[in-house]
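Got some structures for you, see below.
The same chain A turns up in both complexes below, where it pairs with chain B and then with chain C.
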Partner chain A sequence: MEVKTSTQDGVTLVVPVGRVDSSTAKAFEDEVMKAANGNTKMAIQFDKVDYISSAGLRVILMAGKKLTAAKGELVLINMPDKIFSVFKVSGFDKIIKICPNFEEYKQSFN
Partner chain B sequence: MTEVNVLVLDDDKDTQDLFQQKFRHKIMGGTYKFSFATCLDETINMLRYQPFEIFVSDINVNGMDGIGFISQLRKQYPLMKSVVISAYGDINTLRAAMRGGAHDFVIKPIDFNDFEKTLDKTAYVVEQLKLAEATSQKLSAISDELDVSAQLQKSILPGNSLKKGGVEIWADTIPAAEVGGDFYDFFWLSETRLGIVMADVSGKNVSAAMFALIAKTLIKSFSRIYSSPAECFDNVNRTLYNENAASMFVTAIYGIVDMEEKKLIYTNAGHLPIIVVRPGQPPELLECDPGLPLGISEDVIFVNSTHEFAPGEFIMLYTDGVPEAADKNGNEYDYERFNDVLQKNATLPPSLLTTALIESIRKFAGGASQSDDITTLCLKYRLRVTPNVN
Partner chain C sequence: MLIEIENNIEEIDRACDLTRAFCLQHKISDEKCHDITLIVDEIMTNIIKYAYSDKQSHTFSLLMEKNDIHIAICFLDDGTEFDPLAAKTPDISSTCIEDRPIGGLGIFIVRQLAEDVKYSRVGNLNRLDIVVNV
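Our next item is the complex of A and B:
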């Protein structure tokens, strides 16, 4: 798994590529938490993620908590159905904002 | 680098002074500390009472088989390296010494520049060896610890089976790492009420296992205080949330089999839905409000759902390791195969049904390494069918 991080229109955009399971969760955590540091607007793009396990969900939860504490927001975008079902079945869709894509997310704060 | 202890065996007393003089800077600087022996007995005695990193010996000390001694030392002190000094320049003696286990050699008369380089190089090798040894010991300690944790974890599970009053359970867990984050539980709350639990902690290894232990204990304890599963989870959740700095969480289902009412009352904290299999019908997921995993937020309100047992049916609780078991190409086992096996083996007792399921997953994975714990709990409730009296 690799993680690409960039800044677009004032939003930190994190793009994980591959599987986020317990063997890659630590690397994912390091990248995501580094990206969340000192930022208030962060989006994680999921269209290149094949699989996310509970260890990956934990990283999302930690990033969400960190951004909320900084009075910011974490948004998940471009989520394939298969990944969305993981969020839905665990109730995570209720605590983390999910947007169809980056454009729609941008409109929400413009 | 710590000070390197060098033992020099030489029957010529002048050698001592020469070494002390030539290496005085490195001795003062704490790089080397030299000790001297003039005969074999003295050497053996010194080695017994003090650890040395390097042994320097003249191959031709009076009355001693130098090569034999060096090969013996190599076996006895594998972390100590020997450097031999030969006055001959005799290539055969040196070759025999090297074959016998000497690490390096110098020729008499000693060129102390060359000798110093030889010592430095040997000291470096010894240091690397010691590091490797320490790492290997640490790894072995960690591995022992994991074994203990795995045993501890296994020992807190209630065993695999339960059979009483028409209820038959078979539960099993196959951890992916040495210590897994999945657990199951079943326990009697009264003569007619049986609690069942299936849970999956985020992550693996020792931290997940610790969190699993806490969650399991809390669920069982609170189940005795709160008779409603949802109320039990409300309290487990709040307690876990308040004592959870690492943002860990656990997805779980807790149900009570009520044998008087022939019902299952259950609540779900973000866990995969229970599967119900009735003979002759496709398996069905028991949809319910999934709540949120335990330990994430203080403000979750859990709700109870009810399922009425029908004759001949069984229920399956499981963790994501089952549908998400992957083959070498990353394809997932998925619900289609899962349901298929359940339906095909619906008439088997829970133990054999579970065996058939695990076998099917193994076959599908085809040797791909298991990335998540696989845990299942199959419950059959044999209801006596009341004859229809008209």
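Our next item is the complex of A and C:
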């Protein structure tokens, strides 16, 4: 797994590529928590994620908590159905904003 | 299929690859293959992280069989006696991220995705039987 991070239109965009499981969760955590600094808006893009386990969900939850506490925001975008189903059974769809894509997310605050 | 797995986190990728190959061979749908791989990942992770308190190398087993209606997954490990089904279920009803506790999700996801999960202690072994309808 690798993680690409960039800034687009004032939003920190994080793009993990590959499998987010317990063998890669530490690297994912390091990148995501580094990006989740301050009152930033952060989007994590999921279309290049093959697979996410609870080890990856834990990192998403930690980032969401950190950003919410700092008056920032976490949004999950471009989520394939199989990935969404894992978020749904875990109840994460109720606590973290999910948008179809980056454009629609931008429109929500423009 | 029988896989012998070492208690090393690097083994997860190998076991998940073998699980996917098993699903492909048995013409399991992509969606179910994803669920089965996730189940295998979550249980393996628990065993590797928590079953052995010494720093020694250990091996545990994963058996997988398919019949007409389901896949039976069985984990056998000789680690510390532990019934994962006795673990407290995380409260997922929260709609506020601040209130949501971190952790306890792995076994919860397994129970959501599987048709049936049973734990038994057999001699010095932990046995976890999981049934997934396909």
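Heads up, the rule we're going with is that the second predicted complex is superposed on the first by the 109 of 110 C-alpha atoms of A that agree within 3 Å, B and C clash if a C-alpha of one lies under 4 Å from a C-alpha of the other, contacts with A are read in each partner's own complex, and residues count from 1 in each chain.
Please note the rule applied: a residue touches a chain if its C-beta (ideal position, glycine included) is under 8 Å from a C-beta of that chain, and two chains touch if they have at least 3 such contacts.
Just so it is clear, the model here is predicted, and its values are computed rather than measured.
Of the two partner chains placed around the shared chain by superposition, chain B and chain C are both touched by A:K65.
With both structures placed on the common chain, the touch criterion links A:V75 to neither chain B nor chain C. By the document's definition of touching, neither partner reaches A:I44: not chain B, not chain C. When the shared chain is aligned, chain B and chain C each come close enough to touch A:I95. Of the two partner chains, both chain B and chain C are touched by A:R19.
Of the two partner chains, neither chain B nor chain C is touched by A:M1. Applying the stated touch rule to the two superposed structures, the overlap between the chain B and chain C interfaces on chain A comprises residues 19, 21-23, 51, 53-55, 57-58, 61-62, 65, 89-91, 94-95. Residue ranges of chain B in contact with chain A, taken from their complex: 176-177, 181, 200-204, 247-249, 251, 269-273, 290-293, 296-297, 300, 320, 324, 326, 330, 332, 371-372. The touching residues of chain A, counted against chain C in their complex, run 19, 21-23, 51, 53-55, 57-58, 61-62, 64-65, 68-69, 81-82, 85-86, 89-91, 94-96. Only residues 9-10, 12-13, 16, 30-31, 34, 37-38, 41-42, 45, 48-49, 92-98, 100, 102-103, 105-106, 108-109, 112-113 of chain C touch chain A when the two sit together in their complex. Touching chain B in their complex are the following residues of chain A: 19, 21-23, 25, 50-51, 53-55, 57-58, 61-62, 65, 88-92, 94-95.
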